[in-house]
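Read through the structures below before going on.
Shared between the two complexes below is subunit A, which has subunit B as its partner in the first and subunit C in the second.
Let's look at the complex of A and B:
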């Protein structure tokens, strides 16, 4: 009777809080890990298998897929193209959005309208707006119609690698400019205006003000735009898929598009796994390199 | 002299920005005009401003047939579901992370921040294969073989929850940290339970940040055409943006191209995000800005 008269469990406040915290956090984290962690680990294994068609089961083949990747040449071309097409998109987007951000940093009643029209393209999904570009780039589409009107020869856009990349970049710019410009604008507005006043007093020119006040003040915003930009550009394929389909003759095909086709269309899952791992690692390496370069500059 | 220069500068600015704005808006204008054409009229025209002889509003009726209406309803249901579930997650987990002290908190914080930099490509295809091999569903045996798992299942519109959503937890956590805990402590003193404190004390004060989260999640979910596009072949079970993506992909094939139909559907699919943007702009902008400044 006397030995264990169940002592009433008195939990301290912190214990109660800890228990409640786990009860709330763990279900969400475990569920997210199901959709994040398992595929991440599984993807590493997938790259080491031969796995054709969902009905079959994966067969372990070691590094065969990776050897294929680096010896066939096809894949390296696609990786290189992902890099340079994505790079051009990112470069133009960063520069042009900065200029737009600067242009929006003016007090005016019209600014709200300008900001809205710059931002609006990004609120519609790529799948919704890319058909517009496809229609305009038809052989007898809107742009060729315009060229005819002004007496210029028409261009068969999708026979030319240059023009296809050009329009991919234009579409990328049109859609991604807004958010980047808004972030630049936020950065510009967070710079202490008294710095500019002091510079005015000292007689600094516009270029000097940009060089010595604006650019240093935007370092953080810039690294955010470029870092997320690198990750985005290295995985960009939806625009390619809709606007060029990799044409002409696969000359605008990129690795991410190939991964998508290998995985979801052709069910060559082992190879898709290996390609994904390589592209993912390359992306992370680029991000780290960029990060290191920025950090070193600050020292 | 200086003042005149300023006026000239201002005029140039207005002109350049005006032209630029019109260029940015032009594609929408184009798709709206094209949606009013007949199929043959549009393919013969080849004009930057394809204004039709007689506007065909009939193209928009596609949305009221079953092939347009079902995807539209699916999209709304999906947006509603993710907005609610992500808001609940952000509020509860964000609150606990900001207020409570417990073992492993640093690890959870590390997961929230660290996973934001993992490229999506690393999980895209493995997730697809994993979904196909979930045991005991879609004709799969207990080891996940034999069937197609949840591929083509309408459940795929609602089940996936990736790391990206943890960003909103982080946002709510940061906002919670800038709020004094005095109110909740007082409520607790008066014997107010956890959930009541959350909904009657915390939530009303945090409404702006919840609005930022809700608006951005709703917009992102509406525009996430990729998941339905990948996992669901039957367009009746899919969402409107994915359905349009499918039609756009078909435009590259040979044969008759029904551009006006695609554009009519696109115009419908743009309306909800556009309305969200028009009326809740400041929340969207705040979402990007905070991602940029804090992330």
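Let's look at the complex of A and C:
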């Protein structure tokens, strides 16, 4: 028997292009694998272990951390608080940024100035702006000084869960309003103006134009803002860490801040891994619910 | 085939280069597996980096003063090591303090390239309990008072403090006088403390206050409250178990709550300590402050007419808590153990330790504590050193598992809640105990 030579493989043009494309994105895949995928998998693994960063290796404990999460009650309280405090922030941010977006869309000579002004807080460092904010909330801080000047009694803000959540929402709004308003503005400007002209010809009111042209035209912008907002709200911890530190006596503590503390302050890495996994799953569930229920319904 | 091989090689190289970038260290870990004589001895916290020396010199120049005791100590330590061990190649690192230092040290331990010496305060007992520290040689352990040592679970001393303080009662003589009290007779018992503080608060009528026991919702609160528990022979934790349901713990918490009424609302339990210390030393509107030796500097700098006394006791039984300690130990995995112990020996030399006395900080050296001539002209040191000599003090209680989280519950949900609310103390303790027991399981 004679051995026949293998025919050389001839690659089609589309295959060559596909290979080139893969080569281009390969570094990004490697980057994501190294900095995203491997830590993610390792985090899932840590959730099944007990590890304080001092022992030579993590000790496998199965689902103990998950059982603790659902049975002790404290973690569920933190998850619930993450949901409602984050939810309030998201709600106000979505509504107020939409109103600001509408205002920024008005023709005015000063609109450039206002568009810049509304964006500036989100550029400033959280650590610095929150420190100023905290100084204003001190017992003898600026806000109580103002209350004194207008003859009102001072308030010990850090004694009250209501007030601390209130100021968290205020700070969140002040900081996050700009980017969301600019996205709303982009959406508003992408709506075909002839639709409004046609509506005017038909005698539509302002409310009708908003209801039948603006809101449907902003559906995809809204879904982007709300979906990223859900993720942001469920991951909110820096504002809590800087402004309330979970006070008064843990009443503004949220799960994400606890994950941070468990992981890199208290070195209960196993629990932090389990908490992260649960929070991640809950966030995905919220996003899917929003996507399926709200967006599909509108379709 | 060649192309495929080339692609795989390229991908591999890329991955390696990214990994190498992520590795980070500039030789800080130093332990490259070489022989102990050629590799660098990596020491965090003690000693100063060039940047730290420059900063200290700049501060001294701006203030028109000499270098502070802290800077003097660390610089002279480096000089002494260089002089006594000229063949040592020491890499003095500035890795910060508290959580930042803990995080970095644990990262090196996890990575398998531990430092040659670890430092810290509140987390050092955890390192000791975990068994990662080498027992101190006897000659080092015998140099200091037992209060300045941390022991592992087998009873071996594994870490030694290079300096420390205990809590004392600093008082503003002018405010005492304004309230009609003898400024030379500070309170010595809990009852006197409360009576005098109440009297000052009443006389102050919203302008100045007596002050009480801080209950900051972090370690600063627990540290200052602990001496009062210990005076009653109890503590937050006993034998690694939470002890909040002890009636003496609850009695002390009631005293802390009662005393808190002598602070302006929100000051004694603020998340930040600064407003309270500013009120005491700058505004001078608080008469009594519980603090370590460093408070003296604040009083002097603000021209306060001040005094210092031991903490008031319930029935004459002393109790205190070490604070401001710089503990150092040598990891078992260090590749330069002997060199690291030699550096600790230098750090404990009497000529260097005497530098601490210049800022009223206590040295744990027996040779200094037993020689009152060295500090008898300094009331802060005399008070602190007498306390150190009369008992074996330690830092706050240590829990065998999730120590930091347990303390978080104590600080926030016991101490701060006690003074922020009127919730029944037994209910506060019972709820916190439940939460802590789950953490200790």
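Throughout what follows, the second predicted complex is superposed on the first by the 266 of 299 C-alpha atoms of A that agree within 3 Å, B and C clash if a C-alpha of one lies under 4 Å from a C-alpha of the other, contacts with A are read in each partner's own complex, and residues count from 1 in each chain.
Note that in this section a residue touches a chain if its C-beta (ideal position, glycine included) is under 8 Å from a C-beta of that chain, and two chains touch if they have at least 3 such contacts.
The structure displayed is predicted, hence computed values, not measured ones.
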Ask   = Once subunit A from each complex is brought into register, does subunit C clash with subunit B or fit beside it?
value = clash
Message = If we overlay the two complexes on their shared chain A, which of subunit B and subunit C does A:113 touch? Say first, second, both or neither.
response = first
Query = What is the contact status of A:172 with respect to subunit B (first) and subunit C (second): first, second, both, or neither?
reply = neither
Message = Per the contact definition in the header, classify A:53: touching subunit B only (first), subunit C only (second), both, or neither.
response = second
Request  = Report for A:261: first if it touches subunit B alone, second if subunit C alone, otherwise both or neither.
outcome  = second
Task = With the two complexes superposed on chain A, say which partner A:156 touches: subunit B (first), subunit C (second), both, or neither.
result = second
Key: Residue contacts on subunit A - larger count, subunit B or subunit C   = B
Ask   = Given the touch rule stated above, what does A:30 touch, subunit B (first), subunit C (second), both, or neither?
value = second
Ask   = So, does A:69 touch the first partner subunit B, the second partner subunit C, both, or neither?
value = neither
Task = Based on the superposed arrangement, let me know which partner A:103 touches: subunit B (first), subunit C (second), both, or neither?
result = first
Ask   = Counting only touches as set out at the top, which of subunit B and subunit C does A:250 meet: first, second, both, neither?
value = second
Task = Superposing the two structures on chain A, identify the stretch of subunit B from 145-153, 217-225 or 271-279 that clashes with subunit C.
result = 145-153
Request  = Check subunit A for residues that touch subunit B in one structure and subunit C in the other, and list them.
outcome  = 31, 54-55, 134, 138, 140, 245, 262, 264
Message = Using the touch definition from the top, list the residues of subunit A that touch subunit B in their complex.
response = 14, 17-18, 20-22, 24-25, 28-29, 31-32, 35-36, 38-40, 42-43, 46, 51, 54-55, 57, 100, 103, 106, 108, 110, 113-114, 116-121, 123-136, 138, 140-146, 148, 174, 177, 179, 182-183, 186-187, 190, 220-221, 224-225, 231, 234-235, 238, 241-242, 245, 256, 259-260, 262-264, 269, 272-273, 276-277, 279-280, 283-284, 287
Of all residues in subunit C, those that touch subunit A in their complex = 7, 11, 14-15, 18-19, 22, 99, 102-103, 106-107, 109-110, 126-127, 130, 132, 217-218, 264-267, 269-272, 275, 402-405, 408-409, 412-413, 416-417, 420-421, 435, 438, 441
Key: subunit A - residues contacting subunit C, complex   = 23, 26-27, 30-31, 34, 52-55, 68, 72, 74, 134, 138-140, 156-159, 244-250, 261-262, 264-268
Note = subunit A partner, complex, touching residues on subunit B are 10, 13-14, 16-18, 20-22, 24-25, 27-28, 30-31, 34, 42-48, 50, 89, 92-93, 96-97, 100-103, 105, 108, 111, 115, 117-130, 132-133, 145-146, 148, 151, 160-163, 165-166, 194, 219, 222-226, 229-230, 241-242, 244-245, 247-249, 251-252, 259, 262-263, 266, 269-270, 273-274, 276-277, 281, 284-285, 288-289, 292-293, 295
